[in-house]
Amino acid sequence: MIRRLLIANRGEIAVRVGRTAREMGIEDVAVYSEADAGAYHVGQMADAVSLGPGTPRETYLSVPRLMEAARRAKADAVHPGYGFLSENAGFARAVEEAGLVWVGPSAEAIEEMGDKVRSRARMRAAGVPVVPGSDPHAVSDADLVAEAGRIGFPVLVKAAAGGGGKGMSRVDRTEDLPEALAEARRLAASAFGDEKVYLEKLLERPHHVEFQIFGDRAGHLIHLFERECSVQRRHQKIVEETPSPALEAALRSRMAEAAVEAGRAVGYVGAGTVELLLDEKRNFYFLEMNTRLQVEHPITEVTLGIDLVRAQLEVAAGRTLPDHWARLTPRGHAIELRLYAEDPVTQLPRSGEILDYVEPGGPGVRVDAGVTRGSRVSLEFDPLLAKLIVSAPDRKAAIERAHRALGEWVVLGVETNRAMLAAVLRSPEFLSGRYATDLVSRLPAGESPEPPPAAWIAAARAFGGPGSAVRSAGPAGGGPGNVRDPWGEASGWRTGA
Amino acid sequence: MIRRLLIANRGEIAVRVGRTAREMGIEDVAVYSEADAGAYHVGQMADAVSLGPGTPRETYLSVPRLMEAARRAKADAVHPGYGFLSENAGFARAVEEAGLVWVGPSAEAIEEMGDKVRSRARMRAAGVPVVPGSDPHAVSDADLVAEAGRIGFPVLVKAAAGGGGKGMSRVDRTEDLPEALAEARRLAASAFGDEKVYLEKLLERPHHVEFQIFGDRAGHLIHLFERECSVQRRHQKIVEETPSPALEAALRSRMAEAAVEAGRAVGYVGAGTVELLLDEKRNFYFLEMNTRLQVEHPITEVTLGIDLVRAQLEVAAGRTLPDHWARLTPRGHAIELRLYAEDPVTQLPRSGEILDYVEPGGPGVRVDAGVTRGSRVSLEFDPLLAKLIVSAPDRKAAIERAHRALGEWVVLGVETNRAMLAAVLRSPEFLSGRYATDLVSRLPAGESPEPPPAAWIAAARAFGGPGSAVRSAGPAGGGPGNVRDPWGEASGWRTGA
Amino acid sequence: MRLESGGHIREVRLSADSATLDTASHVVRGGADGASAEFLEVDGVRHRVRAARRADRVFVWCDGDVWEFSAARKESAAAGEHAKDLRAPMPGRVRKVHASEGESVVKGQLLLVLEAMKMEHAIRAPRDAAVRRLTHREGDLVEMGEVLVELSEPPSGS
Amino acid sequence: MRLESGGHIREVRLSADSATLDTASHVVRGGADGASAEFLEVDGVRHRVRAARRADRVFVWCDGDVWEFSAARKESAAAGEHAKDLRAPMPGRVRKVHASEGESVVKGQLLLVLEAMKMEHAIRAPRDAAVRRLTHREGDLVEMGEVLVELSEPPSGS
């Protein structure tokens, strides 16, 4: 079994993986860039090793630095979390070649699924429907223009090595295609080191539904039901739920079978997620497969009563999946809300220091946080601060619980998308369960409503009026007074006179 | 339906009831004695009304003050929580006579079950086994001495109107009985206004197992499985779990049937708990019935995926129990740990101010807290600070999770029973699942182990050495500086030279 | 004192048991009556409130919503279509400049692309105008709030 | 400085990168290197630490365990069997006095019953002794730590 686990990540996912590791009696070791030495995840683990100075690319994204950290930490296993190097076959290979346990699928499976053009061909061969798209051999502008004509506009230009919507753009007319291709190639080259792009038919108002799958080395491969991920903004998920209100039993079964088929096609071992698009005619298509833990994995955990990270660690150590996993059935309804540090109006990432932080609690509430009171939020990293996961016997009660918990959550010092999350929960489309990926774009635009009198009064008191109710704004740890935040002063997207 | 709910309690249970009320769209109104105006529960609700100055008896235990508060709050319903007036038939009657909804069983059921002598007779008549005890008509010393001889020593002297072990004492010899009776009568008169006492055979090393039952006005009455409550100290539960490791399926069914029978005998409506004792020969006996929500209700909620408070409010408003409740089956294992403010060595209640507070989080963790950072803990009230409820697929994983979560919980400023909770979780008896009510007494005695060097160094830094890592110790809300805590200085049970 | 939040500006005056917002007077009770419960009763309605200050900004949590306040500056900021200076919405690098000084641009026209850690951001003309000044070249690092493009004055009266 | 915790007393001296407990020297690194992660590396082993001070007491959370510290007083407190003064373990009311001044009592004998909000507490003789003084009568309110019973001196050498 694994004895000492290096968690090659930061933020909430590092904390979450560490929790399960400690429960299993595994020593959890954090990594951190020097600028991140005071980060929340570092303080939550049994031990921590530095990745040295530098940008994220030089630290959390550096295979040599991480391998050196694993060596210094005397780790015998590495969990990559999500993002960063979690889907990097080279890192997986380096870990295994160093004789350590890689908590994830094989480097081969990562490569196979990481090249979106190859994975689409593979899926088609396995009989899994894929979104209509350009021929794998279409590479030149001329070929792709021809392919676009065949597929029919609108199309999406996508990076073959991409994921998470990065570098993706919509094109509606032939004449716009060359410029979009050039731009996408440039972005793909810089982000993934691979300029290959391809086209996909753009489905209007699709549902984004994904299935959790899990395989072990004994050849078991099962699905663990779906997650509805259609509440997106700029191709970034912000609210997920399970079960999906868009699926009825028969459709769910067919999609689940396709997901398992997709995993089987590459002999998948470990936790993976098959993302599917569901169009308005109830046809579904393979979109991509994520060969790692998803951000939204907790909603599966709470409805099934399982621990996916524990299973990852056990399968990585050579165990088989628990027998009863093949017979699991979901109970109740779960919703995840992602809290991002961002300007509520412009929706751009924000930085700052969290001056006050209170988590919701009580029945049916789970919080996976990557920050706490006193944490500094930097623009260098993903702006996800924490996830709120609520569960209840039915969807209506889960939404009510989400509202209640959101109302208890206090985050002061860094602006967040709290108001947008509340707006999603309140929207008639979300309440009805009949919504697609355009839900967020149909919400009333971000605005700056006037604060109520009580807020003005509290603010004035905090600025030093009588009856001041101000919390201490110094670093929670005491010490040398306020650290200046270079971006703390500016207030988002401003156009001056 | 209920629109505005007065929560006639304080601490964690008031907060917990308020959470569900808000989820249901019900306005929750806190009550507070003047000394308690800054208490945590007051800040968590939509509104709050004062009970005026005075002791708990003059405020939280005063029916007139609470009725006046309900009137001022324009409440249309009252939830009593547990403790205080939750099992006071007079309060239930006053609420109903004022035309408000009483969230609990009828005053008659409370009375019926509140008199332990009467309820024992009632249960015996209904065919539910009761612990051998004195005849209901035995009242005089002479009669009770004779009854003790018949039952056989050791016996317990108990107050008829009692509950929660108050005024209970063990007697091993006839000659000690008269003094114990006199003492018990004096205590019973002062605590319950009723000096009636009775005798029960003392079972050696029994299991304390209780069943949650629930009835509605349509005549449905079901059980919601058991809670194992044998980890006790001075007749006070400190750790509960479900399922009980002491029961096998057949015994569980028989006990559940008896519990339902007990409820049926009094036409029970609402949430109730039938406490049973299980002796070493696997015989079980009715002990008492609690006509209110139990402290440990959350472990039932998490294994069944339900909300007992929501059901209480719905049944009180005239709805029937959800149909599927009759078919619920528990999933996984849940453990509750009660965190008390107490001296870890003497186990006596402690007061103080909570200077730093961090709750555990992540998978399978629920915290129901009655305090937060900055809360003042008074000796006037129950020393229960918060409850940690963990759930996992099996008992072993739940214990591991409890350890992990306990290790994340930071409570500084008031001493707690944290170390005892950890000792219970670590004890071979608890781990084996074979333990009875004497578990805590068999733990190694409370001691004062030497702090590790890191703790001495951190303390010295906090006292003002270099590299000080001290948290701000002022009231979190800023304001007029430290409020003196009259008991803050003394350090528990001290014997001076 | 004069406070600003999200473009709204109010003159707030506090006394022991009341507050005036511009000209409207409110009866105020409570607040900071305990460490954990922070209430503010305004005109008889109770609000849950927490506030935190850092330097010249104050963050207020009120009944679940959050607001950011700062001391209002004398000159109220023009915004949107009337903007003269287009500023960087985040720190990053100027990826591409699509306009040149002196050029006449139309509303919505792409002027410049800014790249930060995880995203690109297009800076477009908020109205028809002339580009008076381009402060950065491709590849330049810019800080949040820095002026990127200076436009001609907006027409008065609009 | 001289610190006390749970009857243990240590002389602690701090320097920038080391600490001495009585005579043992330890290499110390880190601590307060960030707001949320508070680490103390002692002799190469990393500990999670949080500390809070209130007046003359310090509370330390270290790797999940909690300790309370105070500045040690000159006279170290005798305890248990050697106690001379029996003090109130909690504030409350003297319910019943079972001994009288001058009486010889045996170890374990009930001397007094104290009643607080929710419990009764028996004060018993920690050893064979004579009752020198009873400071309160039945019904008296006492504060925590107040002397309730003064016993004769313990035999020396025990």
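Order as written gives the chain letters A, B, C and D; numbering starts at 1 within each chain.
Heads up, the rule we're going with is that a residue touches a chain if its C-beta (ideal position, glycine included) is under 8 Å from a C-beta of that chain, and two chains touch if they have at least 3 such contacts.
Treat the numbers as computed from the prediction; the structure is a model and nothing was measured.
In terms of the stated touch criterion, the partners common to chain A and chain D are B, listed by label.
Taking A-C and B-C together, the chain pair joined by more C-beta contacts is A-C. Measuring from the averaged C-alpha position of chain C to that of chain D gives a distance of 55 Å. In whole angstrom, the spacing between the mean C-alpha positions of chain A and chain C is 29. Chain centres here are Cα averages; for chain A and chain B they lie 40 Å apart.
Inter-chain spacing, taken between the CA centroids of chain B and chain C, is 50 Å. Touching two or more other chains at once are residues 44, 353, 358, 372, 407-408, 468-471, 476-479 of chain B. Taken residue by residue, chain D touches two or more other chains at 32, 38, whereas all remaining positions touch fewer. Residues 56, 187, 234, 345-346, 348-349, 352-353, 355-356, 358, 379-382, 406-413, 415-416, 418-419, 422, 448-463, 465-471, 473, 482, 486-497 of chain A are the ones touching chain C in the complex.
By the touch rule above, chain A contacts chain B in their complex via residues 15-16, 19-20, 22-25, 44, 298, 301, 305-307, 309-310, 322, 331-332, 358-359, 361-369, 372, 391-393, 397, 400-401, 403-404, 407-408, 468-472, 474, 476-479. Of all residues in chain A, those touching chain D in their complex are 37-40, 42-44, 46-48, 353, 371-376, 475-479. Listed in rising order, the residues of chain C touching chain A in the complex are 1, 3, 5-8, 10, 12, 14-16, 19, 21, 24, 26, 28, 31-32, 38, 40, 42-43, 47, 49-71, 75, 77-80, 82-87, 89-91, 116-121, 126, 143-145, 147.
Of all the residues in chain C, the ones that touch chain B in their complex are 32-39, 46, 48.
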